[in-house]
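Structures incoming, each one as structure tokens.
First chain A sits with chain B, and in the next complex the same chain sits with chain C.
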Partner chain A sequence: MKSIAELQALREKARANMQVREGSHDGTRVVVGMATCGIAAGARPVLNAFADEVAKRQLKQVAVVQTGCIGMCQFEPIVEVLVPGKEKVTYGKVTPEKVARIVADHLVNGNPVVEYTVANLMK
Partner chain B sequence: MRELSLNVLDIAQNSIAANATCITLWVTESVSQNRLILGIEDNGRGMTEEQLQRVRDPFFTTRTTRRVGMGIPLFRMAAEMAGGSLTIDSTLGKGTVVTAAFLLDHIDRPPLGDMVGTVSALIRLNPQLDFVYRHQTDSGSFEADTRSFREILGEVPLNEPDIVQWIEGYLTENVQALNSQA
Partner chain C sequence: MYRSHVLVCGGTGCTSSNSQAIIEALEKEIAANDLTKEVQVVRTGCFGLCALGPIMIVYPEGCFYSCVKVEDIPEIVSEHLLKGRIVTRLLYDETVEGDGVKALNETDFYKKQVRVALRNCGVINPESMDEYIANDGYQALAKCLTEYTPEQVIQIVTDSGLRGRGGGGFPTGRKWALTAPNKADQKYVVCNADEGDPGAFMDRSVLEGDPHCLIEAMAIAGYAIGATKGYVYVRAEYPIAVRRLQIAIDAAREAGLLGKDIFGTGFEFDLEIRLGAGAFVCGEETALMTSIEGNRGEPRPRPPYPAVKGLYGKPTVENNVETFANIPQIILRGADWFASMGTEKSKGTKVFALGGKIKHTGLVEIPMGTTLREIIEEIGGGIPNGKKFKAAQTGGPSGGCIPADLIDTPVDYDNLIAIGCMMGSGGLIVMDEDTCMVDMAKFFLEFTVDESCGKCTPCRVGTKRLLEKLEKITEGKGTLQDIDELEQLCYYIKENSLCGLGQTAPNPVLSTLRFFRDEYIAHVVDKKCPAGVCKSLMHYEIIADKCKGCTACARKCPVGAISGAVKEPHVIDTEKCIKCGVCMETCKFGAIVKQ
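So, the complex of A and B:
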């Protein structure tokens, strides 16, 4: 069984990681819609999957944050990816399964997954 | 909503919108009393008597004159369809408590679902806030408080990946231990 004392050791490790990461955040944001419509459609596992994937790949420049209802409830869960200097990309009907590909193609390699965008879903 | 833990996440979003700094979530599962009770308490801005009346009004959602919220009506509907009810208490400037009670064995009661996922999503998005999670069954209870984690962590935020993962594991193990005592 885990004990709170383990946090002491994790603290030292996290501190070291934080120092490495210092100043590396470049404003890249993954914005997950967390209003009632988003949560009902499955935003929670999507958010947790983004956070886990970004941590696993050590994408130190990326922040995962939330927003409210952006008025396209039928496309929830909606995720906006904002990379500085690039146009905003809005993904719709995102599932945890789609997250790994969005992270790999878009956040790591800079190629938005056109197939998963709201613009494409509206076609 | 497919799981009640998603309603809890949604109701906690109201607390965050109300500028709460501490949110307590609780689950009481009693087989002997055939009850499931879910609670969300915050120290946010609270509501005026008039706001509270509006939010309590079960027909509130049928009004079309103003933008209406979905969160509380959905949670109330889930409770009432499972032989229970929803109560809201709020004091302006002090905070709000939302409690939903369900008949545990009611066929229309949605599953509780992933409460740990709800707590970890809340911590990930709001590392500056404090959360208390309390889970009670007929055989015992478990409580976790991010303030006691913070005491150990110092300046390290709760949403550091390793820390969130540890918290998830800690909650999962303790809730499982409670359930296996049943």
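So, the complex of A and C:
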């Protein structure tokens, strides 16, 4: 370690990797349906895409967690985004490609991606 | 990037209850489910709740699984890690609230704890320097080297009010200030990790759970006093601690956090481990230095103090592991922050190892001044099996006991000394009504007799004579004069021994004499052991009226001491009886009593 800057750079990088262990109880939650139906429809890559994206952007307080079957199996993979004080938003048929936009628009800027929501898919 | 982290305790406690096999099973099962890239398994240090080991925490949910077995692993992986369904039957019951999971720091065991020295234990992977750095590791060293002069560092430590956590309670800042001005071609920083008190394991937990913290603190001490070389003296009985510390030292050296020109400031510091061979006396600072020098571990007279002539005759600062573990946080968060915790003369927090008759055996860190009642009843979960609290022993063989009527004493250095106890390294052994205090004093004396190094006569011969007197009393052969002589001898040994071992060895006797003299008197006058522990002073008897003559006891008795015809009352031959108590456990009618 030849300089303090080197230490700080290492700290930032290491922190991103450790973020999963923080903020699991308060704050924003991204809940991915990971029952048999969800997994069959491809929920695992979606879950991992969320985990990657949230870590990459260092969104502290955002916890990416799993849940069981919500009951609307035809719309799996289903992802719920819970922001404290806001109404729950449920996305359906999520793919890893859609994840980046949900994170950027919804989690970072606070604008739910209406066209990906289950409500929109049911129309 | 891993979406889930599974933290498994790899401290000595959980390793003994098979956490290594659990980690292996977990890794195998995760691979079988193709989750290797999604789930990271982290072996951490001690979580503190050793009674419920092996312990596992799964993030991001923060689920706290306790008493995990290898057979549970497939379920945890397929249900929780794959499908996100929490395995509720394995959750620590205190964390279950309705349908949800309560945060761990809301439970009784963790609620009142303030973790400073144990901050990273059970939180990071001790074998990963990156995880330590992520939690502000080496920031304090960087701050010292770039923002403070050595004098300022010492001033901060002095202002914080930190006192030595190894037992003596000497102000750390003053120790550093006494060493810094002494001129020499070489000075040393020594870490005392020769944790010898029976029942204390906080130093081991820091070494196992957060070894980089110790390295950082020792480097800071080196900067403050002008030393470039440090030694960690750790007992060889702590293999996991030694291994992790060595890994940490190697990693720090590799990264340039030890060695020459640290952070490009020109500061140089390096560390080496020295293994102790398991002698209790080597926890005494001068004996420890003698042992590092390669000689037989015996204390040397003071003065000269180590600050002037320590290791290899050079000025030396020696601190305990827990003391060092506080240093980086004091530097980062300031002396005022640290001094805001605790009592007037005892600042900060203290780690206690809870053991004995208590529900939550384990490691807790609490602000100084927390009462013994809070520690035992709230954090420790109370005494199991509905028994009554009798006393707590602090300070191991050098300390004393706190009786039940002083349970509301706020625990700090001065309060404990005022009642003839001492903080010691922080072992806290809880005793219930079934403990005989004379027998307890005898146990600790057996330990000190074994561990006395033999250099000075008061300790070598005196402790032996003390033990003989205690044996005489517990065998029912003592007289009141023995109690008086016992007390006199205690004071003689205290005043005349060379080092801390001898000076404190009589403490368990003095303290039990002070609070439980009636028990000593019962042993010598009534020839009875009130707690029913001392075998020579009791016998088993069959109450003829209650005995149905079922012969169960006679069949179980290992020495054939019970005789009698079927359906007739039996009798115990007290000559043959070895007082094992099997008959009493066997009897369904409560016909056998211990007297």
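One rule holds in what follows: the second predicted complex is superposed on the first by the 97 of 123 C-alpha atoms of A that agree within 3 Å, B and C clash if a C-alpha of one lies under 4 Å from a C-alpha of the other, contacts with A are read in each partner's own complex, and residues count from 1 in each chain.
Heads up, the rule we're going with is that contacts are C-beta pairs under 8 Å (C-beta built on N, C-alpha and C of every residue); 3 or more make two chains touch, one makes a residue touch a chain.
Note that this is a predicted model, so its numbers are computed, not measured.
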Touched partner set for A:V114, first chain B, second chain C, both or neither: neither
First (chain B), second (chain C), both or neither touched by A:K2: both
Partner chain(s) touched by A:M18 [first = chain B, second = chain C, both, neither]: both
Partner chain in contact with A:T67 - chain B first, chain C second, else both or neither: second
Contacts of A:M122 with chain B and chain C, given as first, second, both or neither: neither
First, second, both or neither for A:A40, with chain B first and chain C second: first
Where chain A meets both chain C and chain B, residue numbers: 1-2, 4, 7, 10-11, 13-15, 17-18, 34-36, 39, 44, 47-48, 51-52, 55, 64-66
Residues on chain C engaged by chain A in the complex (per definition of touch): 1-5, 7, 37-38, 59-62, 82-85, 103, 123-124, 130-131, 133-139, 142, 146, 255-257, 261-264
Of chain A, residues touching chain C in the complex: 1-4, 7, 10-11, 13-18, 20-21, 24-25, 32, 34-36, 39, 44, 47-48, 50-52, 55-56, 63-68
Partner chain B, residues of chain A touching it in the complex: 1-2, 4, 6-8, 10-11, 13-15, 17-18, 34-37, 39-40, 44-45, 47-48, 51-52, 55, 64-66
Residues of chain B that touch chain A when the two form their complex: 1, 6, 9-10, 13, 69-71, 74, 114, 117-118, 120-121, 124-125, 148-149, 152-156, 159-164, 166, 169-170, 173-174, 177
